[in-house]
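Have a look at the structure below before the remarks.
We just call them A, B, C, D and E in the order they show up, numbering each chain from 1.
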C-alpha cells in the first residue's frame, strides 16, 4: 500500500512530463520511464509475468521505436512554441477535463456501490494463463498471430521501400 | 482509499493525460506517446479489477491479465505500424507536423 | 533422450575427494558465514534475509568485477598473441596489474562533458548501462547451489532487463549532443532491436523442452546423461544445434563484438555512443559492456551448453561453478578469436543477415523442437527425432541460404595478365 | 602491352585449381585457421613473435645504421685534434639547414681554420647523412646513438661542439670498417704530407742553416719556431676515399 | 561529352532530403579511419553519402618550393618523406628525373640494385596496404600486425643497405650511395623465397572471407574511361581493366630484361583493387628472383658523377616510374644553376584521390572508409 502511494505519483509525474516536455526526445524518455514504472506496479500487484512483458515490450520495443523514429525525423523544437499555444491548451483542457470528471465520477460511483475488500487479492497463475491461452482463447491467439504477421510483413514492406528509395 | 480506488484513479488520470497529449501535440510521434499512455491506463484497469475486483469469488479467473497480454501485443503492433506510417509520411512530406499534412484539406 | 539418466547416477557413485566438495561449497561461504553470525547474534529473520541478499549480490558483483578485470587483460593478451605480439606485460608479473593501472588511469582522467550535452542524461547513461548487466547476472545459475536469485521467470527477467540497454545506449548517444555518438546510437538501437528477435526466438525451443522459464531448472534438465555418459545438453540436439548457433551469433551482436561491432566501429564512427565520454564514465561503459558480455554468454551457456553441468559423466567431482566459468572462458575466447580474424559487416548487411537468415532459421527451431519433443525419449525415438528434424532443418536452410540469398552470393572474379 | 595473354579465374592469386570453396562460410573458417595458427605458434616459433622487449633486449644495430652527425677529433685533446676546419661545406649542403658554423678567428681577423661555434640542431636534422658525404676533411660522420630524448625541446637538442665532438676511437667503435678506411687514407695522406713536409723542412733547415751560418756570421742567437703549420692542413684528395 | 566536362561534371545524388535534414560529418583530420590527416566533409542522409568534399593540406610541407632553393642532391632526403611507406621508389623516380636532365649513364649493377630495392618497396607497400585496408574494414589489426611483421624484415634489409629503416636517402645520380653490403643478397634471397608462403597465409586470411567479399565487391566502381580522363594510374586503373604499367610502357632502367606480367581486372571495385595488389606482389617476387639471380659485379655508381656538385645545363626533364601507388613523376627545369629552377612532383596518391567523391556518392558511411582505404594514399605525398 505504501509502495503504491509512492509509485502512483511517480507514474503520474512521469506521464505529465511525457505530455508536457517540449523536447520530443525528453517526452519519449519520460514515457519510457512512466511505462516502466507501470511495469513495476504490475510486479507489485503480483502479476510478475505481465510486469516483465510490459517492461520488455514497452521499454525494449515501443519506447525504442519511438525514440528511433524521433532520431530519424529529427523534429526541431518547434513544438516548444506550438504545443504551448494557449488556444490548443485551452482546447485540450476543454476536452480532457470533462472526460476526467466523467471517469472519476464513474469510478467513484462504482467503488461506492460495490463493497470491495482488499483482504484476498487474486493470485497470478501463469500455468493457467498459458493453458487457457491455447484452449479457451485459441481463436484470439490465432487472430493476434495473424495480425502480428501482417504487421511484420507490412513493416518489412515499408522498410524495403525505404531502402530502395535510399540506394 | 482502497488500492482499487487508487489504481482506478491512476488509470483515469493517465487516460486524461494521454487524451490531452493527443489533442495538443502536433508532432505525430508524440501523439503516439499519448495513445500509449491511454492504452496503459486501460491495462491498469484490467489488472486492478483482476487483482481486487474478484474478492469473494469462488474461482478467481485470469481474464484480466489475459486481456492485458493481448492489449500489450496489440499495442506493440500498433506502435510499429503507426511509426511505419509516420515514417512513410515523413519520407513524402519531410515533416511529422500534423498541421502541415493538410493536402486533403479543401 | 534421458532414459538412462535415472539408472546411472554417477554423481553419488564417484567418491569425491574432500577438496572438491569444499570447493563446491566455496561460493556459499560468505552466505553461510552471515547466517552463522546472524544465528549467533540472534538477529531477527528479516535482517538475516536482507543481509543474505546483500551478501549474495556482493558475491556476484565481486566475482564479475574480478572477471571483468581479468578478461580485459586476457582479451588484450590473447589478441596480442593472435597478432604475434606479447600484449601487456609491464605492470606486475605477466602484466597482471594492468587492469589496476588502467583503472587508476581512468579514475584520474578529467571528466569532460561537451558543451552541447544534456548534462543529466549524459551522466545517467553510463550508470544505466551497468545496471541491467548486473541485474541480468543476478539470475544466472552458476553452480548447483549457487543461484543468486532464483526466479520462476528468470529467462523473461533476463530479456526484460536486457531491453533497458538499448535505451541507455540511445541516451548516451543522444545526450552527447554530437554527431558520431548520434550515428552510433542509431546503429546500436537498430542492431540490438533486430538481434533481440533471433535471441528470443531461439530460446523458445529451450523453454519448450524444459517446460519452464526458470534458469536453474533449464540447467537441471540438461544435467542428465544419455547412454550414461553423453550429457543432455541442448546443443547436442538438432534443433539445439541450430538454435545454439543462431543464439551465439545473436549474442555476439547483442554484446557489440566483432564482426557486429558497428555501434562503436572505430574506423567509421570513432567510438559510437561512447565518443564524448572520458574518464570514469567511459570506464563504466567499458564495464557495462563486459558485464553484458558475461551475462549474455552465461545465458548462452545456461540455455545450450548445459550451464554448470559437466560434459561427461564421471567428471562431476569438479565443482559445478568451475564448469560454468570454464565454459564462460571458452565462449569468450571464441569471441576473441573471431574478433581477431574477421572484419566488420556493413549496416544493411547486418540487417539483412538478421532478417533473412537468423530469424527464419530461429523460427525453424521452434517446430523442430516440437517434433523432437513429440518423438520422445529412447534410442529409436531419438533416431526418429534426428531423422525427422534434420531434413526439416536442412532443407529450409538450403532454401534460405542458396535460393533466397543467391543475389548476395559473392562473385568469382576474372583477372587477366598482360605481357 | 595490349594482349591479354592469359586469363585466370581466381578468388586468390593462385591458379584456380588450388582454390577450395566448399560451402558458404569457408573463407571465414580459413581465416580462423590462420589466426589460430598464429596464436599457437607465437608461443614457440621465433619468427612469429618478433617483438623485441626494448629496454631489456635490443635489436642489433646494423653497421650501416646512421642517426645524427658527430665531429671527429684526432688524439686525446678534443680541442686541438679537431679535424673540422669550418669550411662550411656541410652547412651549405645540409637540406634542412640545421648546421650553424662560426669560423674561429684570431685577434687580427685571420682564420684559425677551426670552428668557434659548430652547432647542429638535432630537432631539425633529418638524418640524411649528406653532411658526412660531402665533408672533405673526414671530420663529420653519422652517429648511431638514438636514445636522445630530452626534456627541453630546443635547448637540449641544440648540440654544440662540447657534445658533438667525439674521438676517433669512438668512430672506430661504431663503424670499424669506415674508420679503418678513413684512418688508412688519412695515414697515407699524412705520410705523403709528412714526406713533403720533411722535404720542405729539410729545405727549410738547409735554408735555416744557411741563414744561421749567415746569422752566426753576423751575430749569435735565433729561434726555430717555423714548423707550426703542421697539423690542420687538409689532405686535398679526401673526397675520393668515400 | 568532352574530356573536360567528363572530369568536371559533378555527379549529384538526389535523395529529396532537405538541407537541414542532412547530417554533416567531418571525417578527419583527427578521425581514426582517415589515413594521416586527410579530411572529408561528408553530408549524410541517414547513413547515405549525399556529398563528400575532400579537404587536404594539413601536412603541407612546401616540398617543391624548398627543393628549388637547395642543391639537387638536397632534395633526395626530402623525397623519402613524400610517400614514407615506399621511400626507395621515390628516390628512384627523382634520381631518374635528374639523370634524364643531366644525361647521366647508370652502371648496370646500380640498375639491378635499383630494381631490387624498388620491387622490395612495392612488395612492402602492398603488404602494408592489406593491413590498413583490413583495418578500414574493421578487422582488429591482425592482418596489419602480420604486415608489419614482414615489413620489419624488409626494414632490416633496408637498414643494412641504406643506413635507415624508412628515410633511406639511398639513390644517387648515376647509381646508389653505397654498394650492397656483404651477404645482403643472400638475405634478400631468403626473404624473397619465404615471401610466397606469407602471401599464401595472408590470402587465406583475407581473400576468401565472405564478409570482405560482401563489403568490397561492387563498391567504389568507376569506369575506366573516367579513370583515364582523371589521370588515375597504378593498381586502381589496372583494377578497372586497363593494363597500363610504366614498367612496361617506358621500360625504364632494365625492366625489359625481366619476365613479368601486368595483372588487370574488370570491375574496378575495391575488391579488384585489393586483388590486383596481391597479384602484383606475386609478379614483383618473380622480378626479384630474376634480379637477385642475375645481379652482376661492377660499379654501384657512375664514378664520373659527383652527386653533391651536380649541375645541369638549362633544360627540363620529366622522369617517372611505376610507383607502388601509381605513376610517380618528377618534373625538373634547370636554368643551369646548382638548384633546380622548377621542381614539380606528380604524386600518384593525390591524383588517384580526385574521383573520391564520385566513388562514394550513394553509398554508406562505412563504404567511404573502405573506398578511401582502397585508393591507398599517403598524406605525405598528397599534401607534399
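The criterion applied here is as follows: a residue touches a chain if its C-beta (ideal position, glycine included) is under 8 Å from a C-beta of that chain, and two chains touch if they have at least 3 such contacts.
Since the structure is predicted, the reported quantities are computational estimates derived from the model, not experimental observations.
Shared contact partners of subunit D and subunit E, listed by label, are C. More inter-chain C-beta contacts link the pair A-B than the other of C-E and A-B. Each chain's centre was taken as the mean of its CA atoms, and the one lying most distant from subunit C is D. For this pair, subunit B with subunit D, the centres built from the Cα atoms lie 83 Å apart.
Between subunit B and subunit C, the centres computed from C-alpha atoms are 34 Å apart.
Averaged C-alpha coordinates put the centre of subunit A at 80 Å from the centre of subunit D.
Chain geometry summary: the mean Cα position of subunit A and that of subunit C are 30 Å apart. Shared interface positions of subunit E, defined as residues touching 2 or more other chains, are 21, 142, 146, 149, 205, 209-213, 243, 248, 261-264, 275, 279. Those residues of subunit D in touch with two or more other chains are numbered 1-2, 4-5, 10-11, 13, 24, 28, 31, 34-35, 38, 48, 50.
Contacts with at least two other chains are made by residues 49, 53, 61, 65, 68, 72, 165 of subunit A. Here subunit D touches subunit C in the complex through residues 1-11, 13, 24, 28, 31-32, 34-36, 38-39, 42-43, 48-51, 53, going by the rule given at the top.
Subunit E meets subunit C in the complex at residues 23-25, 31-33, 44, 47, 134-142, 144-146, 149, 205, 209-215, 217, 243, 245, 248, 261-267, 271-272, 275-276, 279, 364-367, 369. Interface of subunit B with subunit A (complex): residues 2-10, 12-21, 23-27, 29-30, 32-34, 36-37, 40, 43-44, 47-48, 50-56, 60, 62, 65-66, 68-70, 72-77, 79-81, 83-88, 90-91, 96-97, 99.
Of all the residues in subunit A, the ones that touch subunit B in their complex are 1, 4-5, 8, 11-12, 15-16, 18-19, 24, 27-28, 31, 34-35, 38, 41-42, 45-47, 49-50, 53-54, 57-58, 61-62, 65-66, 68-70, 72-73, 75, 78-79, 82-83, 88-89, 91-93, 95-97, 99-100, 103-104, 107-108, 110-111, 116-125, 128-129, 132-133, 137, 140, 144, 147-148, 151, 154-155, 158-159, 161-162, 165.
Those residues of subunit C that touch subunit E in the shared complex are 79, 82-85, 179-180, 182-183, 186, 258-259, 261-262, 265-270, 339-349, 408, 410-411, 413-419.
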